[in-house]
Structures are given as structure tokens and as C-alpha cells.
Amino acid sequence: MSRPGLILKLRCPDQPGIVAKIANYVAGHRGNLVEFNQFSDKLGAKFFARLEIETGDLDVEADDFIDGFGTLGRSMHADWHFRRLPYRMRTAVLVTKTDHCLNEILWRTQLGELPVEITSIIGNRPNCRPHAEHAGIPFFEIDMDADKDAGFAEIRRLIEEQNVELIVLARFMQILPDTFCRDFAGRIINIHHSFLPAFIGANPYQQAYQRGVKLIGATCHYVTADLDAGPIIEQEVERVHHFHTPTDLVRLGRNCERTAIARGIRYHVHDRTILDGHRAIVFPD
Amino acid sequence: MSRPGLILKLRCPDQPGIVAKIANYVAGHRGNLVEFNQFSDKLGAKFFARLEIETGDLDVEADDFIDGFGTLGRSMHADWHFRRLPYRMRTAVLVTKTDHCLNEILWRTQLGELPVEITSIIGNRPNCRPHAEHAGIPFFEIDMDADKDAGFAEIRRLIEEQNVELIVLARFMQILPDTFCRDFAGRIINIHHSFLPAFIGANPYQQAYQRGVKLIGATCHYVTADLDAGPIIEQEVERVHHFHTPTDLVRLGRNCERTAIARGIRYHVHDRTILDGHRAIVFPD
Amino acid sequence: MSRPGLILKLRCPDQPGIVAKIANYVAGHRGNLVEFNQFSDKLGAKFFARLEIETGDLDVEADDFIDGFGTLGRSMHADWHFRRLPYRMRTAVLVTKTDHCLNEILWRTQLGELPVEITSIIGNRPNCRPHAEHAGIPFFEIDMDADKDAGFAEIRRLIEEQNVELIVLARFMQILPDTFCRDFAGRIINIHHSFLPAFIGANPYQQAYQRGVKLIGATCHYVTADLDAGPIIEQEVERVHHFHTPTDLVRLGRNCERTAIARGIRYHVHDRTILDGHRAIVFPD
Amino acid sequence: MSRPGLILKLRCPDQPGIVAKIANYVAGHRGNLVEFNQFSDKLGAKFFARLEIETGDLDVEADDFIDGFGTLGRSMHADWHFRRLPYRMRTAVLVTKTDHCLNEILWRTQLGELPVEITSIIGNRPNCRPHAEHAGIPFFEIDMDADKDAGFAEIRRLIEEQNVELIVLARFMQILPDTFCRDFAGRIINIHHSFLPAFIGANPYQQAYQRGVKLIGATCHYVTADLDAGPIIEQEVERVHHFHTPTDLVRLGRNCERTAIARGIRYHVHDRTILDGHRAIVFPD
């Protein structure tokens, strides 16, 4: 949406009349609902919604519209979040050696598919520096081998200094400290190169080869302190055959990884994801 | 939904505050919105919605709730339709020789996946009679070879006599007369054994073989007087290779046909489809 | 292949000139190679092949052709197997309550897609008896609750008595004893209702729901004493969303299960699978 | 394959003993068959094969091995072609404005996935020049607006001067002259942004939107004088919904286009395709 607008994400206990209340608030201020997705989770007695609102005809300032929602939101015991449009999310991309996910992100960003502003590319290896330089994005090489704690402290410093809102692990081959995961909860997206929860941990393509699976996959998920167990945003698979070596699986898997991470980031930066414990609600576009 | 309820389908010009108005009407009578899908078609300036409403707590009779909606519906220049739940749609299945689509429909109906009541199976060949008998459904063999007009008149008579609401062409190898298509517009679903609009007309698998496509497909669509050009509800594809003969394509295509027709019927009988000219809005479940 | 013929499956250490040796043997006796699939596994230094041979013009009897191959086969340190065509494999289907996989197998068998002769349907619950009776196949209800060992002894007796060559576990909800797995190694096919190795064990759809995966799947595999860890023949997946309940996953998963088991059986009975430790070589058609 | 070797592609009338003859020739000179794909087309009475041969142990020079095959090849009335490995195919990429297919090709080439040497990028618009420059590949802007014949003459001159073996139309928005198609028959690969044969011609995504299809696709094919009707190498599809505008279809379609063109080129440069009239035999890896 290029016109001025708002995205509202909301999560609350399920209760009668929620949709009417929310829609009334929007219509009462002459907001124009462009898109309204909701999900009444009958099993969990929870309600989730995402609204995209054109605000050109609002009868109040957008700030007042946002403030005013608080009364309703609190009465519904909701968590909610407004985002002003147009918007580009400040994003740091963390990499190690392989560049295919980074490339995909850069390409889609340049094309305008991903509304992000990449503030920095941070690598614990120098391999991706040329990509960063070509794209005109600062590259920071951080040594994680000598002192891992110092490395993560440096990453944290960079991220905070640059007001980074989203951290993308684009095949970043380091396990994040628990505190890091907690402090940036819901703001770190990882791509795991397997169809989770199969093949957690190292060398999933080698594991997949040995297990003789007929489909390989990739999983884009939020990072939590529990390794490879965070809420899944997107998964993608590709068919493989007995004649594919582990090297072939790596090659074919790159397709899955690129697709899954691109969609996962897209859903996140468009506020199309809402966390629900171990699960992620996703309203795809 | 097994509890008493209503499904409301609605189509109207796009206008401010629609969602609020509809949701207010429902909430105002203590209806419980279980599911609310809508689509604001900005290109066509149209609005489409489907609501699933639990009515156990309604403050009026369901009939009055339905009647009362008229004032709002007319004010929005809407077309709308209410369905009372639970519901089983009276359905006639038309067949010729092959039985795979019929089998799929029977099996899913018995399993409770498709809320239909099959009133009759009508064939212009006797091949599917045993399936009908095993399922305890009346089978009518109609001769279309001697006098096609008389055949369709007989089909029409059966359908009207049995208050059939949905006519499924489950590989029925006869072209319907224009008047038949018009009189039952939006109530006839066909499965075409190609990925439409590719391979319109006869022998699509032979055509697909000759063209050397790498994916074959099937298309479930509403029938209009314009052959194979009605609004598409669902499509399914399967990968094929050079070594597949036309006979293999027929075999593999059956999988696509069964999946596409089962989903297409499901979406229709759950009122998850709304027609929009040559297109079908589908809110899948 | 409806004309008289042979299928040869072969597995041996990789070595120079294998293809020439095998092809020479066939051509030397005027066998007509209809299909010749092979796989040189460079990682494992093994060779696998499947040949489909029309034998109408053989210069010797088929028995002599088969016998004569022994000299070559032994010289290559091969394991090999000949199958005479046309062929229908004697197959027992084991079930519990759900019938969708059984239905799929019966339907495809009747259609001629699966060259099997179903000798018996064996259930530890009576639910599938009507299907068996309708198909004219003997149904044996075996009580597994009172005495599991006695139950499996009875199954074994039936299978041996009927010269069963293939045992299909079509959602048979009992864990097979190790000795049973070993005695029928390579001749038992199971469908597991998850995308293995994810969600091993009970209630995979419930597990999938809780994990919040975006794709569910089914796995057709050979049964070994190691639960859900036998060589995989085929896998199938379907996309799911946050609004799908565990009940929905069961419904959607049935599609995957039916497709995967039908293909898995097809590949096995056409001798398109060759075991290689924990993996299965599959030459699909 | 990085070790010295040969790829042999062959097409001939089907006849007894072909596999034995070919395999004997290879084994007779101590060639090591790494991969041997063949296809006996019973409908067309034709035989197709692709062999990958390690030549480290050949008892003759590779040239003599190739020459010597002629006697056998001619006796079988075959067309055949040898390729020496390792090999990088000299390739010209033709573009107009959009860069996603070009980007994909460049990225996969740099990664070593595509064994091509891109001799030049030729555009009838300047948009892709920066990509060429970043990749260190000569960019030639050819004006096609003023004089289309002169433009194609210039392209032909470049291609011949640079000994180009493969011409890739990576969203090149110009119709090639018939003579050009004929002169480079089997050496021009195009990506069409629809699931052919649906939506031939201009604006396929707009056509797809209006038709209301539920899957969109892309087709990689050899170019012939018959527009969009050349032999298909690869097709890819993606699911779409009613809420996707034509602009969304363009965005989603790019994924299909990139995947299909990358696979199509890969199959061609690895000699995994054999033309058979309007169809392409493809032995995928």
C-alpha cells in the first residue's frame, strides 16, 4: 500500500462482538478497511486479527486514531500493534559463508518486494563482503572464533546503535546465546535447511541423505532459546531421488531456503504474522 | 459446524464501513461470528464476504434474523444468501463410463467430508450402476445417443422432481445445451481433465502428450454456455515426463481430477465460493 | 506390460562394464529391453539396475534364460531377482478402523492400476469388513487386545497359508513384533501419517498441530524392527494453515496417505524398488 | 563431473540390442559409465540415450574414441553428439527491461551450478547494463525500435563473432525472425511467463487474472518459428488466489520463471535434453 495508512495487529481472548467493535472503531473515524483478516481460534479461545486501513479520510490525526484505540483494546484485554505505512523495516542480515539467502534478500529488496532497509550485513566470515559492497550496505566482520561472547556483544552493540528492528539469520552458522534470543524475541528470523522438526541441528542435508527421504525442505522460523524449535513462519519442500548425493541436496535445498526465507521475511515485515506460543499465525498475501 | 448456525454470502459494491455494518448486525442480535472472510476488490470496486455465524444465542428467531438483514442488504445494493446449518445439499451426479470422480465423491460423502445428499446418479452409460447400487443411491440410465434433447429433458425432469440444488458433472461426456446451462447457472460443477485454459475440448491428455508438457492438470469449474470457460473453482497439477504415454497421463491425471473435483464440491457446498463474472472468489478451508 | 516378459532387479558392487555385460546377456538371447534403469552409486561403490525385458523372441525358454543368468550374476557378486510378467502379487492388507487407505488400494486394484491379488483383508477391528465383503475379498478379524502374541501368530498363519508375498499396513495401528519384521523383511509396507522422520510415533497430526508446521505429510516405507525408521519409498505433503485444527489435519492428511501408499505399493509390485540399507532406490514410472 | 569425460547423446530408430551395442563400445575401450539414461519410445519406435563416461582409463585417445563410434552410430541410423568434459558452454543472454531471470542465471553461474561462460548480455533496453558490469560481462545495447531487421543482424553478428552456442532469451520482449529461429534451431531457449499452452502471446499474467486461474506458471522451451510452440523443457507453477491482482501475479510468477529457466538451461548445457519433434526428452538430474 503506497497511500498513507495503518496496519493493526491484534491478539486477545475470544469474545462476542470483537469484529464489530474493531470495525466500528475504524469506520467511526472514517478509516477505509483495505484488508481485514481474522482468526477465531476455537481450540484456544483466542482471537487474532490484522487490519490494513487507508487513513486518507480519517476524521482525526493518525496519532489520535492510534491513541484512541487504547480504550477499546484494553477493554478486550488485547495485545495490539499499529504500524504506519508506508514503512521500511530496519533490518540486519547475519551471514557466515554462503550467500544464496543474502542474495535473495538483496535482490528482492532492490526490486521493491521486501519493504526493508538493510542497515548492515554482519558476517563471522568475510565471504559476503563483496555482496554488501556492491549493494552499498555496510559490512561488519565479527570474529566469533576467538571469543564468542565478545562477538555477540559486538553484534548487539551494532544492532542497538542502528535501531535494528529485524534480525535475519541468513545461514548464520552460530548458535545464539539464550539472552540474545530473549532480548530480541519475535524479532529474529532464521532459515533452517531442513523440513523441521526433521533433522534438527547440524548437517541436515547429510542426515536427509542417510535417512533416504524423498522430499527435502527448508523452514523459516522465529528464533527462540530452544534451538530450531521457534514458531514456524513458512516451509518449502522439493522432491529428491536416490541418485542425489548430499552435494545435490545442498544444491536443491538452496531453492527451498531462498523461497522460504523470502516469504518469511515478507510476512513478518508486512505484519502478517502473529505469535501464538509455539505457533505463528500467518495471513499470507 | 454441527451446532445450529448460518452462513451468509454477500456481494456488493465496495463502500466505506461495510464490515462494521455487517458485523454490527450480527453482534446486535448476539450472533457469534465463527469465521468472517471478506475481500475488497480494489480493481473492480466490489466487496465479497462470507460469514459463519453460531446462532445459539440469537435474541431473535433465525428467520427473523434473516429477514431483518434485508434492510441492510438492500441499503448496500448487495446480493446475499443465507444458509441454515447443519445442511446437506441435494446433489445429482452425472456420469458416463469412468468412475473415479464418482467414487471419490461417494467415498468423501460417506466419510462426512462432503455435506451432500446424493439424490441420484445419472448416467448415459450403465457402467456406474454398480457403484450407485452399492451406495444405495438410485441410478438412472438416460439414453443420450438416440435423442439428445429428450435425454436432457429427462435429466431436467429428474433434477426438478428431486429438488436438486447441485449438479456435478463427474466426467459426464456430453455437452450441455445452452438453456440447461443458463437455467442452472451457478449450480453445475464440472471437472475438466486439463489445466484450463490449456487443452479445451476433447482428448486433453492426448493433446498434452503431443504438446510435450511437463505438468498435466485438472480444473474444477462452474459450467456456463461457453464450453470449458466457466469460473474456475480449483485446479491441480501433477508432474509428468517424456516417458509417460497418453495412457499414463490418463492414469496420473485421475489423481488431479479426483482432488480438484472433491475440493471444488467442498468449497461450493460450504458456500465458500462467490461468483464474480468469469471468476470465482474462493475462501478455502 | 501385458506381453510375456521378465523384470530383472539387480544389486552388486560397482565395477567396469556391468551395463555391457547385462545388456549383452539379454541381447545375446534376443531379449528386447523395454526399459533399463540403472544407478551407479559412486558414494557407496554400488550398482543397481532394473530391466524390463520382452521375451517373445527369446532363443531359449524363459526358465533357461533365468538360470543362465546365474553365471554372470555370481561373477559380479550380485544379488538379483527375476519376475515373470504378467504378474499379480499376492497381497494381504492389514487394517484397524480407518478405511481410506484400504479403499484407495481396492479402487486402484479394481481399475487395474495395481497388479496385486488381494488374498485377504485382516483387521484387529471389524470396521473394514463391509469393504472386504463388497470387494469379494475374505475378511479376517483378529483380536489383538486379549493376546497380542496370539494375534500375530494368527496373522502369520494366514499369510503363510495364503502364500502372501506382500503385507500392506494400511493404517494398521499395532506395532509389529521384531521377529515378524525380520521374517518378512522387505515385504511389509507401511504408511505413516507424517513426513518422516518428523513426528515418529503416536498422534503425528496432533504433534504437527502443536509444532505449527506449514506442511503436513505422509510417508510410505518398508517396515523394519526399528519403528518408523525403515527405508522410505515415497512421501507426499500438503500445505496447511494456522486455522486448521488437528481434525482438519487428519482430513487433509488422508490425501497424502492415500497418494503415498498407492505409489509405494505400485513401485514395489512393479519391482521398481531396490533396498540399499536404510535407503530405498526407486525407479518411478 | 570434474574428471575428464564425455557425454554422448544419441537418437535413433528403436531396434534390438541397442543398449548392448553402445555399452559394448564404451566398455570395449575401457570407458567407465557414470550415468546411462535411455528411453525406448514404443509409440514412436525411437530410441534416445544419454551416457556420461569417465575417460581416464580409455585405451585410446578421446578423439579416436569419438571417431570410432561413427561406424556403430551410422549402422544404427543414429544422430549423435559427443561433448568433452569439463565444459562450459558459451552463452549469450538476451534481455529487455526485467532482470530477475538474468540475475538468476548470473548467480547460478557464479556459484558453479550452471557450466556456462556468458560471453555477452545483449539488451534492447539499457536496464540490465549495471548487472552486466558488476558481473564483468560485456553488455551490448541494441536498438530494435528504429530498425528491427538491423537489430537482429547486429545480434547475429555478435553471436557468430563470439562463437556463441546457446542463446537464452531471459525475458527478451522481441519476436525473433523466422530465419533466426531456424538458423539457431535447438540452441535458443526462452522463458514464457505462462503455463503453456495456456496464455500464448502478450500479457499472460493479465490473461491469467481475467480467466481466474488458481495456478499460474512459467514455461522454459526451445524457440521455433512457431511462437511459444517450441519443445518444452521445464514448467513450474505456483498457487494463486482471487485476491491476487495482475501485479501480484507478476510478482509470484517471477518465482516460477526463475526456477524454470534455471532448470531448463541446466538440462540443456548438461546435454540432458534431446529434441523429438515438438517434444523434448529430458533426463533430469
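Letters are used for the chains, namely A, B, C and D, taken in the order the chains are written, and counting of residues starts over at 1 for each.
Just so it is clear, contacts are C-beta pairs under 8 Å (C-beta built on N, C-alpha and C of every residue); 3 or more make two chains touch, one makes a residue touch a chain.
Computed from a predicted structure; not experimentally measured.
> Count of steps on the shortest touching-chain route from chain B to chain C?
1
> Looking at CA centres, what chain is most distant from chain B?
D
> For the homomeric pair chain C and chain D, should the interface be classed as same or different, according to whether the shared residue numbers exceed half of all numbers used?
same
> Just curious, how far off is chain D from chain B if you go by their C-alpha centres, in Å?
Here chain B and chain D have centroids separated by 41 Å.
> Let me have the rounded angstrom distance from the C-alpha centre of chain A over to the C-alpha centre of chain D, please.
Their C-alpha centroids are separated by 36 Å.
> Mark out which residues of chain B touch at least two other chains, giving numbers and ranges.
Correct list: 42, 243.
> If you look only at chain C, which of its residues touch chain B in the complex?
Residues 100, 103, 107, 111, 113, 134, 243, 248, 251, 255, 259, 285.
> Sort out for me which residues of chain A touch chain B in the complex.
16-21, 23-24, 26-28, 30, 32-36, 38, 40, 42, 57
> Can you list the residues on chain A that touch chain C in the complex?
It is residues 39, 41-43, 195-199, 210-215, 217, 231-235, 237, 241-243, 245, 276, 278-282 of chain A that touch chain C.
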